[in-house]
Structures are given as C-alpha cells and as structure tokens.
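You will see two complexes here that share chain A, one where it goes with chain B and one where it goes with chain C.
== the complex of A and B ==
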C-alpha cells in the first residue's frame, strides 16, 4: 500500500469518523519498502489540492521520513520553470525537485507490514503483505 | 462541425452511444449524434475536427473506427451523387498520395469481381497516387449495409479513415490470458467499457470497493488512471485463495495482474474492508479545496447476493454481553474471523450511492453494475440520490436475466437541493433496517423464481453462459432465506 492511501483512510468505526483525532491513522511498527516507479506529473497536479498536508506531515514524521515543508506546495511548484513555449508549440512540462520528492513519498514509499492505529479509539488495523485489514471484530461493529 | 461515420460493433447495443458520449466528455469535445440506430453498426456524429474524432474513437471498445463522411445513399447512384455534393472539394487534396480503397459489407458479401467493380465506380475521384494495402497515407472505405438475408444492400457510405478504435485492448486484457482471475471476474471488454463510462483518464484517481481480482481497477489503469481497490475478502486480494483457472497453483494475486500488464506504477494498492464499514474518510474531514470529494471515479460490480454471497460485517442478532466480551478477548488471535451477516441488495446499492456522494469530486463518476429482473413485477428500481445525476443506463440482456450498467455523475454543490448534502453525512451512518431486508427477501424469493444467476464462466467468449444451479436460487441461500 502506497503512502498516498493514508491520506484518504481513517478509522472504520462509524462513531470514530466524526472525531478529528481519527485522522490520520498512525503507522506502528511499520516496515517500509521503496518501489520505484515513473513519475506521474498530471496525477500529482490533480491530487495536490486534495492532500491533507498537515496530516501527511504527521505521518511522514512518525515514519521517520525526511521532513516535509510546513506549507503545501502549489501546482506551479511541481513544474520546473523551463523553456518558454514558442508560439503554438507545446513544451512538455518537467517535474521539479518538489514533484520528485512528493512522488517518492506518496507513490514510491509503501507500507509492507505493521499496524495502523486510530488516534481516537486506539484500535489497530494490521497490514499484512502490504494489504491493510479494516474488518472490524464483532464487538466494534 | 463536419460529419463522421462511426463503424460500431453490432453487440452490446445499448452501451454504444453512451460510450461515445463518455469518450467525448473525456476528450472535452462536443459531439452531436446525427444518425443512430440500435439495429445498425453505422452511426453518424458531428465532431469539431479529425483530431477530436481520433481522441474520441481511439479509446472506444464498441466501435472499430471513425471515418470522415464523404457521402451516403440508398443506391449507388444516390451515393455517387452524394459523394459529389459533399466531398468534391476534398478530392484534389488526395490526388497523388499513396492510398487504399476497400469495402466493408455488413451482413452481406461481395465476390472479388463485384468488389473491383464497386471500387472502380469511384474512379472519378481522380486519385492517381500509388495503391498501398499497408501504410497508405489515405484510406477509403465503402460501407454497405444489408437487411436480414437480403441480396442487395439497403444503404451505403463512403468514408476516409481518420482513426482506429481501442478495441485491441479487449484482446490484450482477455481473461483467458490473465494471470489471476476468479469465477466472478467481469469480462475484459465490459470492464474496459465500464472504465470508459466512468471517464477514467490520466491524472485521475479511481477506486473499486468490490475489487475481487481487480478487473475494474486494471481497466481504469489501462486508460491512465491511478487506482486502488478493496474487498471484504482478503484472500481475493492477496491471492491465497488460488485462481479459478484449473490446475493453477502458486502465488497468484492482484498485484501480479498489474505486473502482467505493466501497470504497476498506477496501482496504489488495496485493502480489506466492508463497504458498509469503510475506512475511507467521508465528508467530515473534507478539504475545502476539493469540495469534500477526492475520488475521480468509482467503478464496481457489487455482489448480488446469490453466487458472491453478499455479506457485511456484523452479527445476525445483536451480541449479548458475554458474546461481546468473547470477541473482545479473541479478536487479536490469528485465526479470528470477524462475524458477517447477510444484507439486502437494495440496501447495498443505496450505501454505494451514499458512499459515492461522499467521496467523489464534483462531476466525478460512479459506474456500477446491477441485475434487473425481466419480470415486470420485480424489476429493481434504479437507485437515486440527491447528490447524483444518472448519466446513462445500459442493459446487457441474457437468456433468463439481464443486468444494467448504471452511471452517475456527482453533482456540483450548486446543483444539490437544499439539505441533500447533510442527508449524506447521516445516511451512511444509519445502515439497513431489518424490515427492509425482509421485504427484499420476500420479493426476491417470490419474484425471482425464474431468476437464475448466470455468470460468464471465465474462459468463454461471451457466447455461452452456463447456469449454476448448485449455487443459484435453489441453493443454500434460498433455504436460509425461506427459513426466515
């Protein structure tokens, strides 16, 4: 599971969802793996405004990854300020270092094993072979 | 805007126009339907340019190609006259380019001599370039449409080829050649059509809450989307359940499928979850910039309850104090299995809609499959939601049942009626009432006597569907339901 997914996931327990402390989930004993992939600039640009930046910073710091800047980058920050396109000519946009860093964090860093804990109820969800399990035990449904 | 002739495939008829419309939406070009008939594989559309025509058709599964329309008519005399009226200004442009001229007879045939005669009847176009059967710069086609068992065509067209369709993907993603599938895998063609309906495209984020072996996310990734999925059954994701294909052993999992097609970079991953207890963040945590939603598309084929065993987390009867304590003590043990209970199909549909309303971006799409009873008494209603617009309803008929592909668009904030959004926040919490479940069961077991859950057996080409009585309505599920 790539780290980006943690930007969308919270506790599966319905009563937790309304509590701000249920997001983000906190990785515990996480075994990380880097899977290199080609950078996808259009995707990064599209997804950027949907990121919960502060929470993303929390996750990366809890995982001991290099610190992210305090403010979220803008879409312009993702593109290398390059050659000006001549009249009627399309120049392919080049990813900036910021885009490359974001790509590394969100789309190349994966959680292989470990747990994801809810900050509200404390329930821990197991991650096995890269697949987190959000099925709730009988007493929590 | 110029007229273009689309050569459609003559199957999945009710999906064809909706697919073309969706592809025009993805390409952000206006499309106008000038002539469309369910009975015919020829359709005339208006599009702004050749490049727009190419953008639309190159992703299409249900067509073969698109042609600039050079003329049409019910007889050859009428066709020649029309070609002269419509396209004479263009002839000079092709005077000396390498070209090719062929014939496409729908429901009819022409022998070699007839073919040559027909093609030669167009010699007035004045093309003097070399004839090239391969890599021609311009490719022209005469289309003939015949009636059932007719010896003469009833209508003809002349077109200049602009672009071929994306129908090749049907072969590339054929289940027969897929690494890992299950008995409920959707055939590749319709999975790809589903991805088209939901506007999967580069830069977008797509999700399948009932992913099984990942057929829909793979189809969306083919069109460039970044995808993720989940399923209540972890074995289907991790693959320890094995493949449905006979004699396969070893490690087969969803990730392996993405690897097979070189789509791994677009696969975010998967998790195990029940849609009615989703870990996805809903509206409460919304980020104003994305107006609450973050998914560009949701595609799914939810379990209908019969073969796939529609279940959700929870216990049939409320747990007593002692039972709760037991779950609490035991749930961390390796062999612990969370209790599940049966659920109504109508309820899960409503849940899917509520989920989509809460997670899709504005104008994001939900494309979901559902059965429809042919018997009028029990025809399932098409579920609706104040935050969702129905974009298209496509029906795939089988012998004894049929199913629909429903496509919805998430309305923008200004389109949502007052209070509509608030209801979404609550809706998801409430879950299904017991009487609803019973009502559904009652209808289900009375009305669906003839309803046999037929599923395409993986490895067939869509032509033969086999009934599976052992797991159909006469099976286990029915007895359970009857006892209630």
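== the complex of A and C ==
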C-alpha cells in the first residue's frame, strides 16, 4: 500500500468517523518496500492540494523516513523551470526534483507488512502482502 | 441460470478456483473491459485522476484505468485504489502485479476514506451483491445506505461515480438507485441493450458543487437513454439556450422526443415538472 493511500484512509469504525484522531492511521511494525513506477506529473499536480501535509510528515517520521519540508510544495514547485516554449510551440512540462521526491514518497514507498492503528479507538488493521484488511466484525460497523 | 448472488456470499463464491476461472476467461475479460470503457466515457475524465474501484476483483478494470490516453483510457493514466470482499480475487490481482493499491473490505460496511478523497469512482458488476444480506445484524437497505453514504462523502465536490450492476428485477434496480439518491447523489440510469439477455445497467452518480459539469446535466448532455432520477440542489438559472434538465420545459421537450421515438410517456398534467421530494 502506497503512502499516498495512507494519506486518505481513515478508521472504518462508525464511532470514529467524527473523531479527528481517527486520521491518519499509524503504521506499526511496518516493513516497507520501494516499488518503482513512472512519474505522473499531471497527477501529482492534481492531488497536491488534497494532501494533508502535516499528517504525511507525521507518517514519514513514524516510519523513520527522511524528514519532509515543513510546508507543502506548490504546484509551481513541481515543474522544472527552464524549458521555455518558443512562440506557438508546446513544450511538455518536466518534473522538478521536488516532484520526483514527492513521487518517491507518495507513489513508490509502500507498506508491505505490518499494522495500521487508529489513534482514536486503537483498532489495528493488519497489512499483508501490501493489502490492508478493513473487514470489521459486525458489531463494530 | 441461477444468480450467483442467490447461492453463496461473495467472499465464498469468489474462492481461489472461481477467481482464477473468472479472471482467465477471455469472454469475461472482454465484457468487463467493454463495460469499463463505457463507464469511463460516462465519468468524462480529462486528466490523471484518483479513482476508487468498488468490488475491484482481480483488477480487470484497474488495468484499464492505469493505461495512457494513447492506449485508449481517457485522461489516463489514472491512479486507483480498489477494494474487494474476496481475498482470492485480490490474490489474483496481486499475482498480476496491478498498479493500483488493493484492500480487503466490504462495501456494505462503508468506505473508509476522508471526505473529498476521490475524483471519481467506478464499480463494475459488483453492487448487486449488496442486496443479498439478510442476517440478524444486517439488511440490504442498511448495507446500501452505508455504501452510498460512504461513497458520497469520499468523492470530491463535482466528482462522479458510475456503477454498472446486474439488478435482479425492477424492484432491486429501484432500491439501489433510491439508496444512492438518499445519500445525496444526483442519479441517472443508463440501460444498454435493454430487454435483451445482454442488458447492462449503469447507475450514473454525481456529487453537486465543484466544476460546472458536476451536476447530472453535464454527464448526460447529448446522451440518449439516460433516465435522470433526481438532482438534489438543482442548478438555479441553468445554462443559457438550453432547458435545465428536470425543469418543466425540459420534461416537455423530452416527452416530445420520446413520443417521436414511440415510447409511452405519461400525459402532461399541471403537475408536470413540479419539484417533488423523492419518497422512500
């Protein structure tokens, strides 16, 4: 499971819906794996405003990854300056180093094994082979 | 042929051997691919988006979502997250090393994402399963309501969802659509090959707000055969030079068109086009 997904997943238990501490889920005993994939600059630009940056920083620090900058990058930060289009010519935007770093963290860094713990109710969701188990026993739904 | 939904719960029906049989059948691959493309055309995405795949199974739709525009996926490649109740189906998806993230979950328990996560959602041949759950703890209505409520919240304003499903009968079709409307969606039904054994039902759902085309009018503009069921918070004013879908003028025009096509329509009355609350 990509760290991107972890920036959107919340606890599934009904009584946690309204509690701010049910997001983000906290990885425990996590085994990480890097799975390389093509960078998708338009996607990064699209998703950037929807990220919860502080929570992303929390997670990366809990996982012992290099610290992220305190403030989220802007869309402009994701595009390599330079490549000036001549008049009437279209030049495809190139990803900056910031975009490449963000791609690495969000889309290539994955939790392979471990648990995701809710900060509100303490429920732990098991992750096996990169797949978290969100099935709940009936009484918690 | 009996419906699989009437024989076993989905996680037991889609066991290891059924999941493999399902995924390797070239007939199934072709049908699921056609329906995914149809759903994508209804989602009308123009750039790489974050998409939820409900009941993603072995990732047959997901593989299409991951393709580029040149390979035939509008707005692609998209990033998708899929969930399914069958660990065997997800196991096949893992073997195929699909690009999307997978998780094991029951749509009838809700959608565990923070509000406004997804640009769009897709569900192919899955949600009819939500109608088969009668235990002391759970009912089809309860499951449908948790699913659509969770789905609605997890989509961004102006987002859309398309669910192709196999309703058992008209009653079930209505139960599913009304559960979506009750959750807040604008809803339309599209039927391909209606009345044949290849009939396909698409529930087209929109979340109001956001960009202009968020409302169902945009989705179905120019598309024949989509039955608009409800549009909560219908646009005031509407687009110039065009009848607002659902307005009296629009209904009258539509009735005319339908009459020309030989469909049976209700006689006009002074109630035609009045705003009506949807009853449940």
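In this section, the second predicted complex is superposed on the first by the 139 of 141 C-alpha atoms of A that agree within 3 Å, B and C clash if a C-alpha of one lies under 4 Å from a C-alpha of the other, contacts with A are read in each partner's own complex, and residues count from 1 in each chain.
In the analysis below, contacts are C-beta pairs under 8 Å (C-beta built on N, C-alpha and C of every residue); 3 or more make two chains touch, one makes a residue touch a chain.
These figures come from a predicted structure and were not determined experimentally.
Chemist: Based on the superposition on chain A, does the combination of chain B and chain C result in a clash or a fit?
Modeler: Overlaying the two structures gives a clash between chain B and chain C.
Chemist: By the touch definition at the top of the document, which applies to A:81: first (chain B), second (chain C), both, or neither?
Modeler: neither
Chemist: Is A:66 touching the first partner chain B, the second partner chain C, both, or neither of them?
Modeler: The answer is neither, since A:66 touches no partner chain.
Chemist: Of the partners chain B and chain C, which touch A:8 in the superposed model: first, second, both, neither?
Modeler: The answer is both, since A:8 touches chain B and chain C.
Chemist: Answer with first, second, both or neither: which of chain B and chain C does A:141 touch in the superposed model?
Modeler: In the superposition, A:141 contacts both chain B and chain C.
Chemist: Tell me which partner touches more residues of chain A in the superposed arrangement, chain B or chain C.
Modeler: Higher number of touched chain A residues: B.
Chemist: Give one of first, second, both or neither to describe whether A:37 is in contact with chain B, with chain C, with both, or with none.
Modeler: both
Chemist: After superposition on the shared chain, which partner residues are touched by A:49: those of chain B (first), chain C (second), both, or neither?
Modeler: A:49 contacts chain B only, not chain C.
Chemist: Where on chain A do chain B and chain C both make contact?
Modeler: Common interface on chain A, chain B vs chain C: 1-2, 4-5, 8-12, 14, 23, 37-38, 40, 42-43, 46-47, 50, 52, 107, 129-136, 138-139, 141.
Chemist: Within the complex, which stretch of chain A touches chain C?
Modeler: Touch residues, chain A against chain C: 1-2, 4-5, 8-12, 14, 23, 37-38, 40, 42-43, 46-47, 50, 52, 107, 129-136, 138-139, 141.
Chemist: Given the complex with chain A, which residues does chain B contribute to the contact?
Modeler: Answer in residue numbers: 202-205, 226, 228, 230, 232, 234, 237-238, 255, 264-266, 268-274, 277-282, 284-285, 287, 289-290, 294, 296, 313-315, 319, 323-325, 327-328, 330-331, 336, 338-339, 361, 428-429.
Chemist: Enumerate the contact residues on chain C facing chain A in the complex.
Modeler: 47-50, 77-79, 81, 83, 85, 87, 90, 94, 99, 101-106, 109-110, 112-114, 116-117, 119, 135, 137-138, 146, 156
Chemist: In the complex of these two chains, what residues of chain A are touching chain B?
Modeler: Checking each residue of chain A against chain B gives 1-2, 4-5, 7-14, 17-18, 20, 23, 25, 35, 37-38, 40, 42-43, 45-47, 49-52, 107, 110, 125, 128-139, 141.
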